[in-house]
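Two complexes are shown next, each including chain A; its partner changes from chain B in the first to chain C in the second.
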Partner chain A sequence: MFKCSMESLNSVFAKISANAELYIPADNCDGKAVYTKWAEGVELSNQLNTVKSPKDFFFPQVEDMMAFKVEGKNIELIDIRKAQEDFVVFGVRACDVKAFEVLDNVFLVDPVDSYYAERREHGIIISVACGRPSETCFCQTFGIDAANPGGDITVWYADGNAYWQSNTEKGEKLLASLGLESCDSAAVDAEKAKIANIMKKLPLAELKADAFGGGKTMELFNRPEWKALSESCLGCGTCTFVCPTCQCYDVKEFNTGKGVVRFRCWDSCMYSDFTKCAHGNPRLSQVERFRQRFMHKLVYYPENNNGLFGCVGCGRCLAKCPISMNIVKVMKTLGGNA
Partner chain B sequence: MQKITRDVLVEKAVSLLENGTVANVLGWRKGEFDYDITPAVFTDKADIEANFVWNDFCGANFSKYLVQKTRKLEGKILVFLKPCDTYSFNQLLTEHRFDREKVYAVGVSCEGMVDIDKIKAIAGDGISKIVCGEMIEVSTVYSDEVIKIDAKDVLEGRCESCKSKKHVAYDELLGEEGDVIDSNRFDEVAKLEAMTPDERFAFWQEQLSKCIRCNACRDICPACTCENCVFNNPNSGVENKAAANSFEEKMFHIIRAFHVAGRCTDCGECSRVCPQNIPLHLLNRKFIKDMDSFYGEYQAGAEVGSRAPLVNYTTEDVEPCDVFEGGNE
Partner chain C sequence: MNARNEALIPHIAVITDVRLDTPDIKTFRVVTPDGKKAFDHRPGQCAMLSIPGVGEAMFSITSSPTNTEYMEFSIKKCGCVTEWLHQAEVGQQITIRGPYGNPFPVDTEFAGKNLLFIAGGVALAPLRSVINYVRHYKDRYGKIDIVYGARSKEDLLQYKEIMEEWVNDEGVTVHLTIDREQPEWDGHVGFVPNYVKELGFDTDKTVILCGPPIMIKFTLAGLTELGFEKKQVYTTLELKMKCAIGKCGRCNVGSKYVCKDGPVFRLDELDELPNEY
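Coming up: the complex of A and B.
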């Protein structure tokens, strides 16, 4: 384990960014934390988490995939991918680190999504333990430990210092290059105990996911409660777009005037035209669309991924839903634990 | 702090349900914490008594729900409306968006709603309890101390410049009737107008670049009730699920602002729900201010059936050459 003082964190950032682009959570014009490319003068945010998740680094909201040039009866396919440079994301919380695993299970299985894979390969994740979780946090429901967030390197803030520990080969290499002072883990052990204690006091500490998981489809799909749960859903995409694990996208073509560009962009199962096909839309009402989102996270995804839930308890949807309807309310209503 | 208590609203809802005046009650349902209410339809006395909420967090405007609910629900609907909500209510009636006969509207006086983000900025994260009052009492998991915050210091932005405490529509009123207020709501617009075009462009560029196209502003907006929005319609030619560049970031919001111009009542729901805190209401408010100055003061929704200046030609109308200077130096 290594350490540096909080005051010297900036010089560590300078060292990291000398070799790779570095992104850290920094406050924007509204005082909200957003991942910002580090440069001298960019200050680390004190907020618990960013409004948008770090999913964007690997799966951006809009992405050009390929281009076509059409001449007569010839269609030429143009590869417009650019070589990905190494980059580092600092300050990722335990929930969002776990979300990468959820995304990996979708994008890195056969057929591998080369766009996503390329960025995962070149990205280094430096996580930070959560000293002050929010009332909206419920990562522990899904077995995630806010005190041990993982990633390539983990950082803990304690007694005026930042403590660094590498978890992977990539992380070890980066950490070795930073020239930090070696130390024991006493302060980190104390911080972990403090976090464990705070997690127990959170309002959602007792929330359990036992009623959900693979094999529960028939039990949950036809429950009458879906109607009331979804009755005031606006059908907007806020929950899906702030979510670190939502992974659905739409693929479209754009006529540039000189050719065609195929791009993809995030889609939302809350939208009325989601997965619309030639025959129409498979989910005609908002009840069905609403149910789809939660069944996917709590039943279908774990069924297909060895029990891993598709929610990581980051709490963004709790904070941002315009009508304050969210996965916790769904779980409590259907799972019967209040 | 609200002058009228929850009990008064609960009693009213229960009595109207029990005497058969209404079959449904559109109200605010208790959340997981003390601040996250959800709009809900109540049909049952016990449910109302246990879960109906009326406090400083009841910002949600129910008017737009009436478009859908009057079509779907059996029987009459009781809707609670704050003064600003009644303007949306009237505007929707003007546009024939729901059947007035199916609604029983109860006006509720309002002292302004509070913003949880502003409370958190003072009290911090980890809120375990909030008790509303003139002084809002906030407890967190991090301290035994109860933090007291003056409700007036944490009002929602739209309530700081409230335009009316007067209900312009209701069947019955709970609490005292107020007046239309000579508000300072155009001060923010004046600040934008005082900028140079480049500064103003930079301001909107920065704000709108935050947009994630979740459509929450559109979907909550009582003036946006198209059955199929052009931005969703693949046949419209402008269908757009995500902004690919800064032009598209702006296009959605500017087109939307034009489309609701003259119909927007300035209820402020768009800015309240924006997950990225974009001050979207300023676009609409600029249009309102311009229309006021070009055509004389007009408040959308102040009465049912009024003709908005933009759809009401008169020979006295301002000439385009006079309008042209607006916003330029």
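Coming up: the complex of A and C.
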């Protein structure tokens, strides 16, 4: 384990960014924490987490995939991808680190999504333990430990220092290059105990996912409660856009005047045309679309991924939904707990 | 990086023949620019076709894998991509990627069985590749019955092939029907579900059923009356797709993705999924 003082964190950032682009959570002009490319003067945000999750780093909101040159009846396919450079993301919380695993199970299984894989390969994740988890946090419901967030390197803040520990080969290599002072883990052990204590007292500490998981499709799909739960849903898709695990995307094209670019962009199962096709739409109303989102996170995804849930309890949808509907209310209503 | 091996990156292909099959269905013959078949497939698998600037969509490959020279797609005019394709001429290049999805179990569960194909309208397109495959390897299967219906005689897909080839095959019986009487038609008149019941098939058959949801529903009721079980019946589904590889998230029925876990399902398997297709 290594340490540096909080005051010297900026010089560590400078060292990291000498070799690779570094992104850290920083407050924007609206006071919202967003991942920002580090440069001298960019200050680390004090907020618990960023408005949007860091999934953009591997699965950008909009991404050009390929281009076509169309001349008369002929089409030429143009590979427009650029070689991916190494990059480092600092400040990722335990929930969002786990979300990468959820996304990996989608994009890295055969046939591999090479766009995602290429970025994943070149990205280094430095997580930070949550010293001040908030009332919307429920990562522990899904077995995630906010005190041990994982990633390539984990950082803990304690008694005016940042403590660094590598978890992977990539992380070890980077950490070794930073020239930090070696230390024991006493301060970190105390910090972990402190975090564990706070976690126990969080309002959602007792939320259980036992009523959900693979094999529960028929039991939960036809529950009458979906109607009342979804009644006020606006179908705005905010929950899916701030969600660190939502991975649905659309593929579209636009004519640049010099050719056609095919791109993909985030899509949302909450939207009415998401499943609309020429012969009709299997999810005609918001009840069905709302149900799909939560059934996917809580039943379909775990069924296909050895029980791993598709929600990581980051709480963004709790904070952002304009009508205050969210996965916790769904779990409490259908699971009859807490 | 070899772009050709990437899941989402298509190949260029060219349309070498366009056949007007019915007033709203055309059959397109497709090969690579150097005249070869774009890739091998199994009966019931699909491919993503696109016209850059218009869009990309999933279509069943209607030609049989035993055709090693080209692929065919029977496409009904009903949306952006299909409307564009319908005005395309021979020599037009398009893009193609695939094959996608699980095929019908022609070499396993179907082997040695009497087969009953039931289709309505454009739904003959996905079954044609299976029908021509089992016709090609006829000694591997028992008796083959084909019940096919459409709105009118003009709406029967592949009518020429049916009348010139299928009906002449030994061991193959074709039962055609149209919804309403019309002057030059002396065959059966009536809807597919009723016709299946009238024909009263023995339950020793494996059924391959495809058509609009309403036809499937009533045909299945008829088959059940005749004593068929759901595990004897196979169908193929179609939902909106973008990636075709189980990642874009829109073609799921419960935990199954039609693009990679389907499109072929046995009806008893579908019974275990939510009715959302």
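Keep this in mind: the second predicted complex is superposed on the first by the 338 of 338 C-alpha atoms of A that agree within 3 Å, B and C clash if a C-alpha of one lies under 4 Å from a C-alpha of the other, contacts with A are read in each partner's own complex, and residues count from 1 in each chain.
What we mean here is this: a residue touches a chain if its C-beta (ideal position, glycine included) is under 8 Å from a C-beta of that chain, and two chains touch if they have at least 3 such contacts.
The shown structure was predicted, so the numbers you read here are calculated from the model rather than taken from an experiment.
Visitor: Given the alignment on chain A, is it a clash or a fit between chain B and chain C?
Guide: fit
Visitor: A:His279 contacts which: chain B (first), chain C (second), both, neither?
Guide: After superposition on chain A, A:His279 lies in contact with chain C alone.
Visitor: So, does A:Ile323 touch the first partner chain B, the second partner chain C, both, or neither?
Guide: It touches chain B, and chain C stays clear.
Visitor: Looking at A:Pro203, would you say it contacts chain B, chain C, both, or neither? Reply first, second, both or neither.
Guide: The first partner, chain B, only.
Visitor: Kindly classify A:Lys73 by the partners it touches after superposition: chain B alone (first), chain C alone (second), both, or neither?
Guide: A:Lys73 sits against chain C, while chain B stays out of touch.
Visitor: Which partner does A:Arg132 contact after superposing on A: first (chain B), second (chain C), both, neither?
Guide: First partner only, chain B.
Visitor: Applying the document's definition of touch, where does A:Asp267 land relative to chain B and chain C: first, second, both, or neither?
Guide: both
Visitor: Mind working out whether A:Phe87 is in touch with chain B, chain C, both or neither, as first, second, both or neither?
Guide: Touch partners of A:Phe87: none, neither chain B nor chain C.
Visitor: Quick check on the superposed pair: does A:His296 touch chain B, chain C, both, or neither? Answer first, second, both or neither.
Guide: second
Visitor: Give, as a whole number of angstrom, the minimum Cα separation of chain B and chain C in the superposed three-chain arrangement.
Guide: 9
Visitor: Could you give the residue numbers on chain A that contact chain B in one complex and chain C in the other?
Guide: Comparing the two interfaces on chain A, one with chain B and one with chain C, the shared residues are 250, 267.
Visitor: If we count contacts the way the header does, which residues on chain B are in touch with chain A in the complex?
Guide: 31-33, 36-41, 60, 65, 121, 124-128, 141-142, 206-207, 210, 212-216, 218-220, 232, 234, 241-244, 272-273, 275-277
Visitor: In the complex, go through chain A and note every residue touching chain C.
Guide: 65-66, 68, 70, 73-77, 79, 81, 106-107, 111-115, 214, 217-218, 221-222, 247-251, 253, 255, 260, 262, 264, 267, 269, 274-279, 282-283, 288, 292, 295-296, 299-301, 303-304
Visitor: Which bits of chain C are touching chain A when the two form their complex?
Guide: Going through chain C, the ones touching chain A are 1, 3, 6-10, 12, 52-56, 78-79, 82, 89, 91-95, 212, 238-240, 242-243, 245-255, 272-274, 276-277.
Visitor: Touching chain B in the complex: which residues of chain A?
Guide: 28-32, 48, 51-52, 61-62, 132-136, 198, 201-204, 228, 231-232, 234-238, 240-242, 250, 252, 254, 263, 265-268, 271-273, 318, 320, 322-326, 328-329, 332
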